[in-house]
Structures are given as C-alpha cells and as structure tokens.
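Below are two complexes that have subunit A in common, paired first with subunit B and then with subunit C.
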Partner chain A sequence: MGLLTASVLAQAFALVFDPYVLWVILASAIFGLFVGAVPGLTATMATALLVPVTFFMPPVPAIASIVTATAMAIFAGDIPSCLLRMPGTPASAAYTDEAYAMTKKGQGELALGSGLWFSILGGLFGTAVLIAAAPSLAEIALKFSSFEYFWLVVLGLASAVFLAIGNPLKGVVSLLFGLLVASEGLDNPAGFPRFTFGSAELAGGLTLIPIMIGMFAVSEILRSVGRIDEPWEMAQTKIGNVLHGMWGLTKRYPWQLLRGSAVGTAIGALPGAGADIAAWMSYAISKRFSKEPEKFGTGHIEGIIEAGASNNSALAGAWIPALVFGIPGDSITAIVIGVLYIKGLNPGPTIFMNNAPAIYAVFMVFILANLLMLPLGLAAIRAAKQMLRAPREVLLPVILLFCIVGSFAINNSIFGVALMLAFGIVGYVMEENGFPIAPAILGLVLGAMLEENFISSMIKADGRLLAFFERPIAGSLGILTIVVFSVPLIRRTMAVPWRRSEK
Partner chain B sequence: MPSRSTSLALALAIMALSAWGVFSALDWPWKAKLFPLVIGIPLFCLATAEALWVIFGKQDAAAASDFKLSEGLERNVVQRRTALAAAWMIGFFALIVLVGFPIAVPVLVFVYLKVQGKEGWLFTGVFTAAVWAFFYGLFDLLLHLHFPEGWLLSWFG
Partner chain C sequence: MRTLIAALLSLAAAPAYAQYPQRPVQLIVPWGAGGGTDATARIIGTLLEKELKQPFNVVNRTGGSGVVGHDAIAKSAPDGYTIGMITVEITMMHHVGLTPLTYKDYTPIGLVNADPAGVNVRVDSPYKSVKELLAAIKANPGKMKASGTGQGGIWHLAIAGLLKDQGIDPNALPWVPSNGAAPGLQDMVAGGVEVVPCSIPEARSMIDAGKVRALAIMDANPPALYPNVPTLKKELGTNWQIAAWRVIAAPKGIPAEAQKTLVSALKRVYDSKEYKDFMASRGFGVVWADPAGTAKFMADSDTNLGAALKAVGLAK
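Right, the complex of A and B next:
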C-alpha cells in the first residue's frame, strides 16, 4: 500500500503531540480511570458518555479521547476487584475473586501492581499487533468484492452470537432483532421507505449513536441501580510501592503474559467478543495449563497476569476489524465506528490511503495511552480509597445528563433522546431476560452493510446462490461461516444423549 | 433470574414485531422486501421457539451478562429501585420537552439530590450550581450547541 512514509509519520506525530490533543488525552485518562474504578460504570459507558464531547472535536482528539479513556477504564476495573470484591468493569470479573483473595492474604499491593503492569504490557502487545496487522489486512481487503464482504459480515455476526455469554438461541434472536431494526428507513438498495409511518424522523433511519448510548449506558444504569445506596465494604490493605516485584513476575510468567496478550488480541478482533470474554477465556486457559491449578481461587497471581494482559490487549485487537472492514470487534468499537463516520474517517481498507496520518496518529495514541497508564494508574491506585468513597447518588443525574445531551447533539433533535431512552429500556429488559445485547448492536451496525452486499451480490450473480462460493476467498469465508454456525449445534446435539446417559 | 411471565411477554413481543414486519414487507418492491423477509421470518420462528421453550421447557439459567451488581439483593428491592430510576429518566425527558434543557438540567439535579439522594441543602445547592455551570460552559458557551425552548415556553412565549 506504501502508505507509511516519513512524511506520514511526521504528520501523525504533529497531530498527536499538539498541546490540545495532549490535554484531551490527559483529561480522558482521568475520566476513564474514574469510570473504570466505580463498579457499575463500564468502559463502554465511558465511550458513550464521551460521544457528545467528541462531536465538537477534530477527528484525532475525538478518537484519542475514546482510546485513552477505554484503556484506562479497563485497567481501573481491577482496583475495586482487589479492594471491594466487585469488578469495576465486566472485563475484570474473571479474576475478581482471585484478586480479592490476594488482598485478604495481605498481597493487595501485588494484586494491584500486577493489574497495572500487565495491563500496560498487554495493551502494548495488542497495539503492536494492530499496527502490524491492520495495514496488511487492508491491502488484502482492497481486492474484496461484495461476495467477500457479505461473508465477512455474516461470519462476524455468527461469531458474535456464538461467543456471547448465555443461550445461543437468544443470541440469534437478539441478532435478528438488531438486523430487523436496522432495516428501518429509506437507506436501502431500493430507496423505499420501510417502517417509517410517514414520519420524516423515521425516514432518515434510526441513528445509531443514541441507540447505542441507550443500550449500553442507560441499560447499565438500570442494571446497577439496585445497590446504589448500600455502602461498600473496603478491604483494608496498605498501598505502598505496588510495582515492587513486577519485573520478577514478568520473568517468572513470560509465557502467561504472551499467551494472555495473544489470546486477548485474537478474541478482541472477533466481532462481538470484547475484553470481558477475552479475560474469562485467558483465565480459564491459564488455569488449564498451570503447573499449580489447585492454587487458583485461593489468591494466586498467575491467572491475574494472564487475564489482566488479555483484557487490555483485546481493546486494540477490536480495532483491527473496525478499521479495516468497518466491522466492530466489541461494543466500544461499535460506538467508535459511528464516531469515525461522523468525523469523515469512514472505516474500510481505503482509510489507510485516504487518512493515513490520522490513522497512524491513532496508533500513536494507543502507545501513549498505555505508557501514560503507568504514572496515572499509580496515582489512581493511591487515590482509590477516596475515589470509591464518592457518593454514587450524585453520579446518576450527571451520567444521565451526558447520555441525553449526546443523543440530542447528534441531530439536534429531541427524537434522538426518545430513541435513547426507548432502546435503553429495551436493552435492559432484553439483558434481564437472558438476551445478550451485543449481537443486537452488531446487527444494527452491520445491517445496512449486510443488505447492501447481499443485494449487490444477488444482482451480480443473477440470483444464483452458488456464486456466493465461487470466488476463493468468498468460498473459504462462506465455509468458515457454515462451520461457525454448525459446530455449536452439533456439539449441542451430541451433548444431549451424553448428558442423558450420564444421568 | 427473570420471571417466566416477563420472558414469555418478551418472546411474544418479538413474535408480534417480526410478524408485523413480515406482513408490512409483503407489498413492497422485491429489492426493498427481500432483506426484511429474510430476517423477519426466521426471527418469528425463533421467537416462537423461545416462547414454547419458556412455556414447556425448564427455566433457563443462562444469563446474558457474566456479572450483576445487584446479585444477592431481594428481587422486589431491585425491581423497585430500577423502576424508580426509569421513572427519573422518563421524568427528566418530559421536563426537557416541556421547559427545555437550561431549566430542566438544574431542576432535575436539585430535585434528584434532595429527594432521592437525601443530600443536605448546601451540598445540593453547590452541586447543582456546579453541574449547571459545567453544562452551560461546555455545551452552550464552548461548543455552541443550540438547545430548543421547551413546549411550555413556546406556548406562553
């Protein structure tokens, strides 16, 4: 592609090391640390809350604020895990019991320090993979036709369903619900008004950002409000030099660090699976291959190292499909794609040719955010006890205000606010009834892309379905998609007689 | 764990939505109807399967999220607090529509902190002023976001 030249790097450097951008990065880092450290506020919510502010920023600081805040939030989620036995974000849930057990054993400093240290290393690993893989993949993607894009989207949607936590049937229902909602409006291959009821607002299609703010932030408020007025019981631990012994742990567990980072990046790159699933998988892998599996659950550091590296590397991994194909790797990049479109940085392989300095600036922000995590993370750990004592009641109106202004600002319309509230309640009801919302969101984001590529391919193939398998890459992606759909079904079918015979 | 009736109501709502989507699409040109039909028909079938599963199957223990902050609390307490939070949100939205953002923001923050948060007058007053100053300074003065007047203010002009 020949896009990484000295001139591009110099331009990217100038874009990042601008005082305004550096201030934005610093402010977002502090914001992300706070959001991540407060149980009930997630990294996705941090992204949703940043949206109204990013509308008014140039592209690089807008994206930099999201990259920085989410990286910080995922790390900061480890702090209440250690002190309260409550994950700050779902990405820390996998090893919360382990971290808390360490604190109770008097090893709180070690747990907090490894959370910080291995988050940084994992984040840098994911960033390195992003920088290396995204431009090369983009070069390949330039040769893709509507057939390849169709299968890529279907494969992404399939992984989102089968990697989601819970019942696959509910996952598929959630996904189809998202796709059906996405078909609303005039923006379709026929230019025909669908489900619009004659309303001008609906004819324009349902705007994604208010829906995502609703489903991720409003539903999250409703889910976390149950414990809003209960005091948190904090484990008593001395917080001194939390980085003491980290080099020793790195030398003792290098394989765990590498494996966690690699698994995290790969899981992050799969659509629909984000940092939380990456951490669960890495923790399970760590236990499976550990020489001391019996120590897991008793306050053992190994799983924290692997899963802690994994959840931060997943963040960067999720950007690979988001930038190269416009397919979000996780819920954060689902929102990011909306922001990228608003900023004129339309995701897809051509982004590396049309906006190379901005994209390399984003890569630099990833590195900077992970390096900045060291001093700011240390400060956050020291201030953790004060931060966790902040009255939670005051947060609700402030969060709600940001959600509402963000939904309003996208089109300067109250309709966006109504959309946000409606989808917030829908998201809450779905999640409470076991329907994962990530597939629905992915369906909403990818619905138009899926339809466009499906209809174009059907026209090109003159209605011949076999044509979807005739090109080598399209055929391979098609077969892979069928495998992804079939394996869980076969496993379920095989599992039923096995379970019966067990009884 | 959700109640069986709520799960059934949700499955029935999805069935109704997909059925309506499919019937509406039948009269459209083929390019417009193909996608909603390809999505709507399987959605209807799977939602029906889900409804039948809720009625005849064992209660599904699978959760959509791996961690719940409200776990361990009584179900009715969580429901009451959630309903209250939803009511505050809808109330805030109604207030914005009626009186506009610049008035609704301080009113909501003040009333919420006083009534729901049971905070003291001084904290409530100072925090409300701070939030309003932040809102006005950031979105109005700095970002020049134009907020519409509320319906009441437009009517009484």
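Right, the complex of A and C next:
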C-alpha cells in the first residue's frame, strides 16, 4: 500500500467533492440504473458506451462515471428479474427464479429491498478489500493458470445440482443441454466450426444474453398467455419501512452476508470470472449450508441476500488485478484498463505511490456510488413496482418488446431476436416437463471456460491427466471438487440400506 | 441503444441527394468492447463525428474469431453509411478455410495502425536474449509452450514463422490457444506457459510491474515504449517482421464521393493531436496509408501470412 497521508486524503477528497465530478456521478448513476434495468443491456455495455464520453473528461470523473454506472447496473438488473422474471444483467440470473417466486407470493418489495440493501453492503465490503489488500490479493490471483481455472469451473458446475429443485437428474440434463449449446460456433480452442452450416451468424456462436432472456422471460410470457383469463394474483404486501426490515435481515443472516461478499470479492479478483459466476457460486453455497435448504426456490430470501451481496462485491474485486497488474478481473475492467492508460493512470504496483490522490479519489467514488445507490435504488423500486399494477394484457406485450430490444442490442443483429424467441419456446417446453432452466443458463455461462481451460491444460501437460493435481492450488481445488461431487453419492449409497433396515 | 436510435432516425431521413453524410454512420468492429481494436475504433469514430458532423456509432459484432464482424462489414449496403475496422485476420482466415472473404471484398479507406509482435518471457526466465531462448527451444523440442491468441492467430504465426526462419521446427514450441494476449500473459506469469509473442503495448502493464521481460521486437525499429528492446535484425540478423494492423474500410462499391469524403476526413483524424495522443498513451503504433497504399499493404500481408500459414502447416 502506498503512503496514505492526510495530505493525500485531502487531495483525493478535493478531487471527488467537486461540483462537476458529483454531477458526473449522479448522471452516470441514473444512466446505470436505466441500462441495468433493461434486459439485454449489460453493465459491460454501459461501460463501453461511456468510453467515448470519458475521452473528454479529466481522469477522476472519467473513472467515477464507470464505477458508478456499473454498480447501479448490477443492482438494477435485479428489478426486472424480480418483478417480471427477466434478468436485467446476467449477474441476476442465478436468483431470478427465487426473487420472482417472492413477487408471486406478494413479497416483491421485500425481495427488491434486500437486493438493494445487500448489494450496497456487498459493494462496500468489496471496496474495503480493494483498498486494504489489493497488491497482495493480486499476487495470489496471478498464481491461477488454466489448471486452477478448470477445477474452479467444475466446482461451479456442481452448483447446478444445488440449483435444481426437486429432481437433481433433470437438473443435470438441463446443465448438459446448456453445455451443448455453449459448444456451438467457431470460438473453441481449435477454431473449428461446429454446427455452423456455413453461416457467419452461427459461426459467432449462440450468445448467452438472448438465450437467457428467451428462456426466462419469453417462456414466462407464453405461460401467462395460456392463463390470461385467470385473475392476476400478484397483490403485493407492503412491508412498511423497507430499511427497517433490512436491519432485521442483516441481524438474522450476518454470516450469509459476509460469506457472499467474501466469495464475490475473491471470484471478482480472479481474472476471467466476474459478477455472474460469483452470484451462481454464492447462491449454491447459500443453499448448501442453509438450515432450511428445502425453502430455496419457493421464494426464500436467504439466497438472494448472499448472491446479491456477492455480485456487487465482485465488481470491486475485479479492480484488484486490473489496478495492480493491468490484468482485467472481468469484462468491465477489461475496458477500464484502456481508460486508465488514456488518463495517465497506468496500472501497476506503483499506481498507489505515483498516483495516490487519484487512486484514493477512485476508492472514495466506490464508497460514494454504493451510498448513492440507497436513495436512487429506493426511488427506482418505487417506480418499478407500479408496473405490476398495469393490466396483464398491456404488460405482456411491453415485456416482449423489451425482450426484443435487448436481444437485438447485444449484437445489433436480428439473429439475436430469432435466438431469443426460439429459446423462449425451448424454455417453455423444458419447464412444462419439469426441467429447471437455471442449470442450462449456468452451462452456457461456464461451457466455453470449461473447454478452454481443459484443452489448454492438456496441451501444456502433454496429455498427462495427473498434471491437474501437480500444482498446489490446483491440487487442493481438485480434491475439494471431488469431495463436493462424491459426498452426496456416498451419503446416498449409505442411506439406502439404512432405510431398508428401518422397514 | 444508440444504434437503434440511429436506425430509427435513418428511416426518417430524406433521400441522400445532398452531400454525404446526411445521417448517422455505423462503424462495425469485429472484436469485443474493451480490446485495442475497439478502443482505436471508438476514438476514430468520435473524431470522425467531429469532422463530418454526423454521429459515428461504434457497433461490436463479435464472435467466430472475427468472421462475424468482417462478414457484416463486407455484406452491408454499399452506401457509405456502414463502414468498419478490419484487422490483420482478414488476410489470414481465408487461407485456413474459415471464410471465403478476403481483403478484396472491401473498399479501403485508410491504414491507421500497426503493432509489431514481440517476444516476451517471464521475468525470472533463464533466457536473457532471444538467441538463448531459441537455442533452448531447439535443444528441447516440445518442452516449452507459447500462448497469447487463438490457434493460428497472428501471434501464433509470428513465433512459428520466426522458428521456421531460423531453421527450427515450428512444432518445437507447441501453441496453447488463449482468448487474447491478457489471458496468455496471465498464464505465463502463473507458470503455465513460457513464451508470449504478443505486441509490446499488450505486455506493457506486466513489463512495468516487473513480471514480464521483452526479449525482442519483430519490427525494423525498437519499440517507442522501450527503446532498449532490440530488433530481431540486431539480435539474429534476420529480416523476419510481422505486425497486427487495423484498417478502416467500407463494403465494395460505395459511391466515389462518399469514399473521397471519408478518406480526407480520416486523414485529418489521423493527423489530429487527439488521435496521436491517444495512440501514444496506449503505446499503439501509428502508420498511415491512403486507399491505394492500404490495398498494396493488405496484398503484401496476405501473401506473407499465407506463406507463413503454409509453412507451419495450418493453411488448407
């Protein structure tokens, strides 16, 4: 850590609390809320759209605009996810079903309120770690090569088993379907066209966002259309003072909050894994260690707390390797690094010494952005929940319109819209037959990483499988993975004779 | 979003009898947001907007190792309202059979950048010069691995071509495909691979952080960022040079007037202080060629890379 003196802090303070900078932060916050709340427009896209604007700003407001907009976008993704089952950003997909189940039970306000509150706490946790331990954590993150990532991905796939409600076998089938879809296209380690039929669009692969929107939102629209004559049972119970309820939840689930924030920061700090994977992992961990795992999937707040804190803490975590080594921690910081260079804030271990006031100003912006999320987020929730009052025959076409805009915007191609509609039908058929769709989305998120890291590792090891256990971190992760996968199987085989003898 | 608005606006626009451009122009980038190509396209788009008083909307059409975006540029309406940034891959992909598209399917506007390959190793690597490194590769074929882009990507060809040039079997240094230079460098620092032959600006943050050492540059001159890094000519006496480049291009057959307007605007952008400062801050190389020069440059690139791909056994 650099020399943190009173004068550095005073300079940083002056850089942030300047009317122009504060104005930029407010404008970016509103922009971020909008982008996050519209499905298909991601936090990464918000950053890319901000880049040309930042060309003409001094360094601190330039970075501040990105920090603020992304933090808001990741929270705002929860809003359509909770109210309409339409994840605003992929980082909300892990607990979309849970939050939507709460809305259907009349607890939409509680789900959104805790999404907001625990996003803020998670974001502040990640920021604290970034400020206190960035250089040493970045050193650890740099020790991860393809062997370690391979195990991490396999561990992530294990979450699918926990995500599946009811029938784990159908969960695994859904996961494998996701992995199959992820293998399509040209972007595989060998650069070999798979199922592309000579089409350039298909060579580009089946992209996550349109599929995610289709499987979650369009399938839900199809289901609602089938029941359009039934009364809409979405009467929402008011929970009074949203924040009062949050304090109670914080006292009830402190461990979940801490664990979600820690896992999120760690996953965020690892290059190549970001807020979306963090949310999946945290949701699965939450269910695995919960005292009431049977409530998960029925509209239970616990997983939302842990995963909601996790995805926002991952945002700050991703800045750790980005600032220290110029290695992006996620797709957002990949863009940020370019902006840092343009603004003369060259990433490197010395950034904390050479540019101390600017860096501490950026840290202050992180804190400020998370605090600003409270009033703006509350206002957004208040506005958004009016949507549920709209008559269903008006709301459904509007949702579909947003689905179309989102799937088009991700790659500016009509192919995305077709993909979204096709997978809407696939998702509908799957759910009607008891196959959960969340594991399929997880398979899509992790499929490419799984293949790339496996192939890279095999090339490096000249085909020796044992190499996956030869590095200390990889070996430990490998053993952990094997334990996670085999414990349920062992329990099952042990349990069967025991049950029989009971008869 | 902006594209959508632009598309709506363009529907409402009057027929284009008046001077080009009358409505917003789309600038397609075949690579993802955040990469060097995206950043370069965005600064050029912003500056073209200032020159021609119409929005230039940067659109990322990613996927398929660049096939999707290059295809979209070549196949868009040749009216001057869709242009794109094409990259070195357009002179490589058709040799490997990934797409029938070649550089001849575009109207060149101008060459704006080229970044030569480097030879980068971990800072604690025992090899202090490219000569020592090559000797070790020759002595122990297959022991060391290299990474930094996909299979058959530009940096893969750079190092394979160098090995071939030095009479070493290119397979003596197996290639580990990666999603670009940053993951390759990260993997090298983590001890996964030994060599990353990416460009110097891509390795810059790791060089500055004391994690990576650049042994040489595959160019005529030492890099502006690190004048101490020697050229291959100086180290090995070879003329082997290779660079990734970026060209602004339009589909084939755009109106001559639109091409003329774009070329002169792009030249002014290239000469601007903003562009030069931006490229210098990122450490990206600046090179200019007019449409005729760009066409010749791409033809040379196509011949050289085709030969290199054949030499390493990747061309079909």
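Going forward, the second predicted complex is superposed on the first by the 273 of 503 C-alpha atoms of A that agree within 3 Å, B and C clash if a C-alpha of one lies under 4 Å from a C-alpha of the other, contacts with A are read in each partner's own complex, and residues count from 1 in each chain.
Keep this in mind: contacts are C-beta pairs under 8 Å (C-beta built on N, C-alpha and C of every residue); 3 or more make two chains touch, one makes a residue touch a chain.
Quantities reported herein were computed from a predicted structural model and do not represent experimental measurements.
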item	value
Touched partner set for A:Gly204, first subunit B, second subunit C, both or neither	second
First (subunit B), second (subunit C), both or neither touched by A:Gly344	second
Which of subunit B and subunit C A:Asn411 touches, first, second, both or neither	second
First (subunit B), second (subunit C), both or neither touched by A:Leu371	neither
Subunit B versus subunit C as contact partner of A:Ile455, first or second or both or neither	both
Partner chain(s) touched by A:Trp280 [first = subunit B, second = subunit C, both, neither]	first
Which superposed partner A:Pro189 touches (first subunit B, second subunit C, both, neither)	both
Contacts of A:Pro397 with subunit B and subunit C, given as first, second, both or neither	first
Which of subunit B and subunit C A:Ala132 touches, first, second, both or neither	neither
Subunit B and subunit C footprints on subunit A, overlapping residues	52, 55, 189-190, 405, 408-409, 412, 455
In the complex, subunit C residues that touch subunit A	1-4, 32-36, 38-39, 42-43, 45-46, 58-65, 67-68, 71-72, 96, 98-99, 142, 145, 147, 150-152, 174-179, 182-183, 185-187, 189-193, 204-206, 208-211, 274, 278, 281-283
Subunit B-facing residues of subunit A, complex	39-40, 52-53, 55-56, 86-87, 90, 93-94, 96, 164-167, 169-170, 172-173, 176-177, 179-180, 183, 188-190, 192, 194-195, 218, 221-228, 276, 280, 391, 393-394, 396-398, 400-401, 404-405, 408-409, 412, 414, 417-418, 421, 424-425, 428-437, 450-451, 454-455, 458
Subunit A-touching residues of subunit B, taken from the complex the two chains share	2, 6-7, 10, 14, 17-18, 21, 24-25, 28-29, 31-32, 34-36, 38-40, 42-43, 46-47, 49-50, 53, 60, 62-70, 73, 77-78, 81-82, 84-86, 88-90, 92-93, 96-97, 101, 105, 108-109, 112-113, 116-117, 119, 127, 131, 135, 138-139, 142-143, 145-148
Contact footprint of subunit C on subunit A as seen in their complex	41, 44-45, 47-49, 51-52, 55, 142-148, 185-187, 189-191, 193, 196, 200-201, 203-205, 207, 271-272, 324-328, 331, 334-335, 337-338, 341-342, 344, 346-350, 405, 408-409, 411-413, 452, 455-456, 459-460, 462, 471
